[in-house]
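Below you'll find a set of structures to go through.
Shared between the two complexes below is chain A, which has chain B as its partner in the first and chain C in the second.
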Partner chain A sequence: MFKWTWKSLSSQRGTLAGSALGIAFTFILVIFFDAVWRGESVQIVSYPDHVKPDVWVMQSGVGNMHMAMSFVWDWKADQIAKMPGVKRVTPILYMTSVVSAGKHRMFAFIVGLLPDAKRAGPWKLTAGRHIGNPQEAVIPDVFSKITGIGIGDQLRIVDKSFTVVGLSSGTYSSANSVLFVPFADLEEILSSSGTYSYLLVDAKEGTDPNDLAKRIRDQVEKVNALTQKEFVSNDLSMAKQMGVGIIVIMTAICSALAALIVGFTSYSLVIRRRREIAIIKALGIGNDKILISVIVQSGILTFIGFIMAMLFALFVMPAVPLLLPQLTLAVSTPALFQIGLIALVVAVLGALIPAWFVSRLDPATAFHI
Partner chain B sequence: MPEPVIKARNLTKSFGSGHTVVVAVDNVTLDIQPGEIILVMGPSGSGKTTLLSMLGGLLKPTQGTIEIDNADITTLKESALPEIRALKIGFIFQAFNLLDALTVQENILFPAQLHAGGINEARDRADVLINQLGLHKRRNALPQTLSGGEKQRVAIARALINEPKVILADEPTGNLDSQTGQEVMMILHDIAHEQGYSVVLVSHDPRVEDIADRILWLEDGKLDDRQQERHKWSRDPVCGMRVDERTTTIKTEYHNKQYFFCSDKCLQRFNADPGQYTK
Partner chain C sequence: MFLLAWRQVLLDPLRTVLTAVALGSVIAVILILVGFEQGQYYQLKQIVLNRKADLIVTQAGVSNFIAVRSSIPQLARAEVEAVKGVINAHPVTAIPVIYNRNNVRTPVYVLVYDTWGGPSSIIQGREITSGKEIVIDASLAKKYGINPGDSFYVTDFEFKVVGITQEAAFMMPFAFINYDGMLDLFIESEIAPDLSTFPLLSYMLVELDPAADRQSVARQIELHVPSVDVITPGQLAQNDVNMGKVFFKPIMGLLVSIGYIIGMLVVGLIMYADIRARIKSFAVLKALGFSFGRLFLVVLIQSSLLLVITIPIGTLLALGVSVFIETMSPAYFIRLFDPVIFLQTLMTFFVFAVIGALIPVRTIQRTDPMLAFQDI
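Moving on to the complex of A and B:
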């Protein structure tokens, strides 16, 4: 029976290939959207993940960086710097804004750095230098690649112009890139004085970051202090909250599409072979075996589509950012397992209507064909 | 008298209801003996295929009972019928109905998956059938490459693979030329008379009458034994088929005796070596 199932399926190579490609395409879409979302999520925490202080200090009630606003009085930085176990405090000013460069626009995290605060600045420069003078900026190298804005070019943040002096790596994301400017310029843009946004606190060796964060919360008025792990985790969960709904919907749509393709293909194969199905029913093959055959057929189609999607995910998708540098893709093993599970469900769902048709097919029609 | 292989009693099949009811088979009673060839004839729409479908367990009668090899199939659950069809009945169709993706050998073995020994134990039986039916050179061929006669021989081998009690054949010569049709009739004749299978044939082809032991006429759903006094039967000395002396034109005289043949092929064989057939 399996031989018949496989041979009759493989004898229609065009249908088999077309359907498997269609199924693979929907699975690739699911993997791709998931990879984009995960890649963007990783990029959202790229800054805190790389500057990596032991403890983040921010305004009380604030717990992350993405889409947040925080103000901490400058004297509190001095107070924290004097606490036991604190090695260094690096303040930054921070805002989210649209950066304009000619006709190009970019939504960015703008980090204002004090002259001696390289520790909180770009972690890898691919061209140019760090900011050193007023109205200088370091921008993501990918943004430079996409727009052609390079070193020496001008860009605008709110009402202030900056000259690009450096290009940084790993700071671009289509949702929010990281851009570095002098502290004083950002202070002017924000019309603020005597405040910082976040304090990056490095602990002395042997100091427990959890203990230090607790002491800061207890001893410094109206501030929140979180360890690096907690801070990044908060930002990541914020990113997930923002994107997960869309990803779930996209996954559901693509899965439904895959089920429809499998169902339609299996149904059309069954319709095309109803003569043979009536014959094998007349020959004594029971409904149960034919139903299994239909499910196996649907499973084979889905499996081929799944394998094609996996090959794409493993060998083609990693090359996509080379062609489209603005995309950050992160293909994850759980996502691939998830596709495996979806494929299983799709195979069963895709077999339902053909199976219903098969169960109703009258074997006596074998005499009339 | 041996026990009939099929005992059909008061079989009725109607379709529709109320004013639109159509009685396709009306109160038919029929016994089929082992090794007997029964030909069911009748005009189009007379209920022949409906009767065949009921005898084959493909269609439930509205009334009446059918016993195949002492098992009343009318009382069996729907789910039990496939096994009866697979093991007790062999089907031969007008359109051959082979499975296109499978080779000759695979087609023949296909129903064997339902036999107790499965496909592996059926391989020897398949080899015998393939050789008997002259298909040994076409064993691995796909149906689309076969001639009509070869297709029907494959269908016959498939019908016989599980060694059923009854062969039900619907217009088995309907899609074949006369020569090939004749060959197929000879095969059916041989499997009934030499191997003991009961064969029920539905056909419009009057040549099939030649091999039938009994001819039944079905009209408006009712069955009658056809009058056969107008025939004068004798045996073809080559194939043993029954031949009507009054109508056949294929005959010869040998040692002052007339011999009648079912086909030119048998006559040629006879002329090649008459002594072999007149001992």
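Moving on to the complex of A and C:
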């Protein structure tokens, strides 16, 4: 029976290739949608993930960075710096805004750095240097690639002009790129003084970050302190949550579409071979075996589509950002496994209509001319 | 030719239904993706236009409404109102906050208003009448199961939800409080160590004398109040839409392209399977003297007929799914029926589908008319 299934499938190479490609692309659509969302979510935490202090200190009631607003008095940084187990406190100012450069605009996390705060600055420069003077900025290299704005060019944040002095790697995201400017300039834009947004606290060797965070929360008035892990996890889960609904729905629609393609192809194949099936039935082969053969047929189709989608996800998708550098794609293993499970369901669902047809097929059809 | 193609479509009803649903689903996927993108732009636009101002005053250098910080000196309000032609400059303050309940965090854009700029589409409850009250977006209410009368904590400050509105943009729900509420929030909660660091006035919604010339008043305000910029609501909305496009266009463009490719493949597959199944019929027609061109035309008409049948199915499917999405996650708005975009999408799909239909045509070209006389 399996041999017959395989033969009937392989004799229709065009149909097999077309439907497998169709199934593959519906899976690719789901994988791509998920990868884009996941990629953007990962990029949203790119800054905290790379600067990696042991503890983040922020205004009480704030627990993350993305879209948040936090202000902490400067004297609290001094107070924390004197606490046992604290190696270093690096304050930053932070705001989200639109950066304009010529006709180009981008949403950005803008990080204001004190002169000696390289520790909180860009972690990898691909060109130029770190900021050192007033009204200088380090921008993401991808933004430079997309717009042509490079070292020596001007950009504006609110009503202040900055000169690009460096290009940083790993800081671009369509939702929120990270830009670095001098602290004093950002302070002026924010009309603030004597306050910081976040404090990056590095612990001395042997100090437990959880314990340090707790001590800071207990001893410093009106601040929140979180370990690096908690802080990043808060931002990441929030970013992911924002897209969960639409990803689930798109996955459902595309899976239904894949099931329809499988159903259509299996049904077409069964219709074409209905006389053969009728003969098999007339020879006394039971419905169950024929039904299994139909399911196997759907399974093979779906499997080929799934494999094509996997190959695309593993080998083609990583190359997409080379053509579209503004896209950050993160293909995750759980998402691929999820597609694998969906493929199984799709194969079974796709077999339902042809199975129904086969079960009703009259063996007498074999003798009709 | 048309009749022949039509009869082919009716030959196997089950197969035609399967085909129509499969093609309809492809159309639905594309329409939903395009509608999702257009919905984002629409929401970005409406959130500004629904503030119902004649002109909008921003901090000098700020030309967006969403996800930016605009902070105007409070004295600027009197200066703006002193300009001839301005009846009132209604204050609005935007505060991004993170709503957190049971460790589920959502960024919320809180709009603080006094006389203008409040919620524009309340679907449940009422507007704010005191500083302790808040109106929240339906997506937030749905996500956390909040109803009018429930408490809503921003940091540690308790608001009472009195209304549910439908206002979200950039996948972010909005909430509305008044200035008493904002001051209470800042003072009573632990949010602000220093009030001066918070933008107390972000935008002004300018109400003009009906006889005043908008452009001229805008110029006068910018001339007399250097700390601000003046933008028409339409332009501010467009700036936000353009920013949204920076984010969505590359992503959605690629996803929609994949959708079109799926459409092309599905149509190609359907037509291929159909042609293979009727290869003998085509051989008979060839033996009867039908030229390849005429047979090609049959395939083209048949695929066009299929598309004409499936476009309404796809549209209905997309409509159903979009209603489902908006019910489940009200922060998303799927804008299916923007006439230009809708037609553009269907036309593009049509082109891709016709290209798909042409893929198997070579099979007909290679069909030997002798096949008609074999195995009878």
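The criterion applied here is as follows: the second predicted complex is superposed on the first by the 368 of 369 C-alpha atoms of A that agree within 3 Å, B and C clash if a C-alpha of one lies under 4 Å from a C-alpha of the other, contacts with A are read in each partner's own complex, and residues count from 1 in each chain.
What we mean here is this: a residue touches a chain if its C-beta (ideal position, glycine included) is under 8 Å from a C-beta of that chain, and two chains touch if they have at least 3 such contacts.
Here the structure is a predicted model, which is why all the values come from computation and not from measurement.
Engineer: Overlaying the two complexes on chain A, which is it for chain B and chain C: clash or fit?
Structural biologist: Aligned through their shared chain, the two binders fit side by side on chain A.
Engineer: In the superposed arrangement, which partner chain does A:64 touch: chain B (first), chain C (second), both, or neither?
Structural biologist: It touches chain C, and chain B stays clear.
Engineer: Figure out whether A:105 sits in contact with chain B (first) or chain C (second), or with both, or with neither.
Structural biologist: second
Engineer: May I ask you to decide whether A:28 touches chain B, chain C, both, or neither, giving the answer as first, second, both or neither?
Structural biologist: Second partner only.
Engineer: Using the touch definition from the top, say if A:8 reaches chain B (first), chain C (second), both or neither.
Structural biologist: Touch status of A:8: first partner only.
Engineer: May I ask you to decide whether A:332 touches chain B, chain C, both, or neither, giving the answer as first, second, both or neither?
Structural biologist: neither
Engineer: For A:285, using the defined touch cut-off, is the partner it touches chain B, chain C, both, or neither? Pick first, second, both or neither.
Structural biologist: First partner only, chain B.
Engineer: Classify the contacts of A:275 with the two partner chains as first (chain B alone), second (chain C alone), both, or neither.
Structural biologist: first
Engineer: Counting residues of chain A touched by each partner, does chain B or chain C come out ahead?
Structural biologist: Comparing chain B with chain C, the partner touching more chain A residues is C.
Engineer: Please work out how little space separates the C-alpha atoms of chain B and chain C at their nearest point after superposition, in whole Å.
Structural biologist: Once the two complexes are overlaid, chain B and chain C approach no closer than 7 Å between C-alpha atoms.
Engineer: Per the definitions at the top, what is the overlap between the chain A residues touching chain B and those touching chain C?
Structural biologist: Common interface on chain A, chain B vs chain C: nothing in common.
Engineer: Using the touch definition up top, name the residues of chain A that touch chain B in the complex.
Structural biologist: Against chain B, the touching part of chain A is residues 1, 3-4, 7-8, 10-11, 275-276, 279-287, 362-364, 366-369.
Engineer: Of all residues in chain B, which touch chain A in the complex?
Structural biologist: For chain B paired with chain A, touching residues are 49, 52-53, 56, 58-59, 79, 82-87, 89, 91, 93-95, 97, 99-102, 106, 110-111, 113-114, 158, 170.
Engineer: So in the complex, which bits of chain A are touching chain C?
Structural biologist: 12, 14-15, 18-19, 21-22, 25-26, 28-29, 32-33, 36, 59-64, 66-69, 71-73, 95-98, 100, 105-107, 156-160, 174-175, 190-192, 194-195, 222, 234, 237-238, 241-243, 245-246, 249-250, 253-254, 256-257, 260-261, 263-265, 267-268, 271-272, 320, 324, 326-327, 353, 357
Engineer: For the complex, which residues does chain C have touching chain A?
Structural biologist: 12, 14-15, 18-19, 21-22, 25-26, 28-29, 32-33, 36, 59-64, 67-69, 71, 95-98, 100, 104-107, 155-156, 171-172, 189-194, 196-198, 239, 242-243, 246-247, 250-251, 254-255, 258-259, 261-262, 265-266, 268-270, 272-273, 276-277, 321, 324-325, 328-329, 331-332, 359-360, 363
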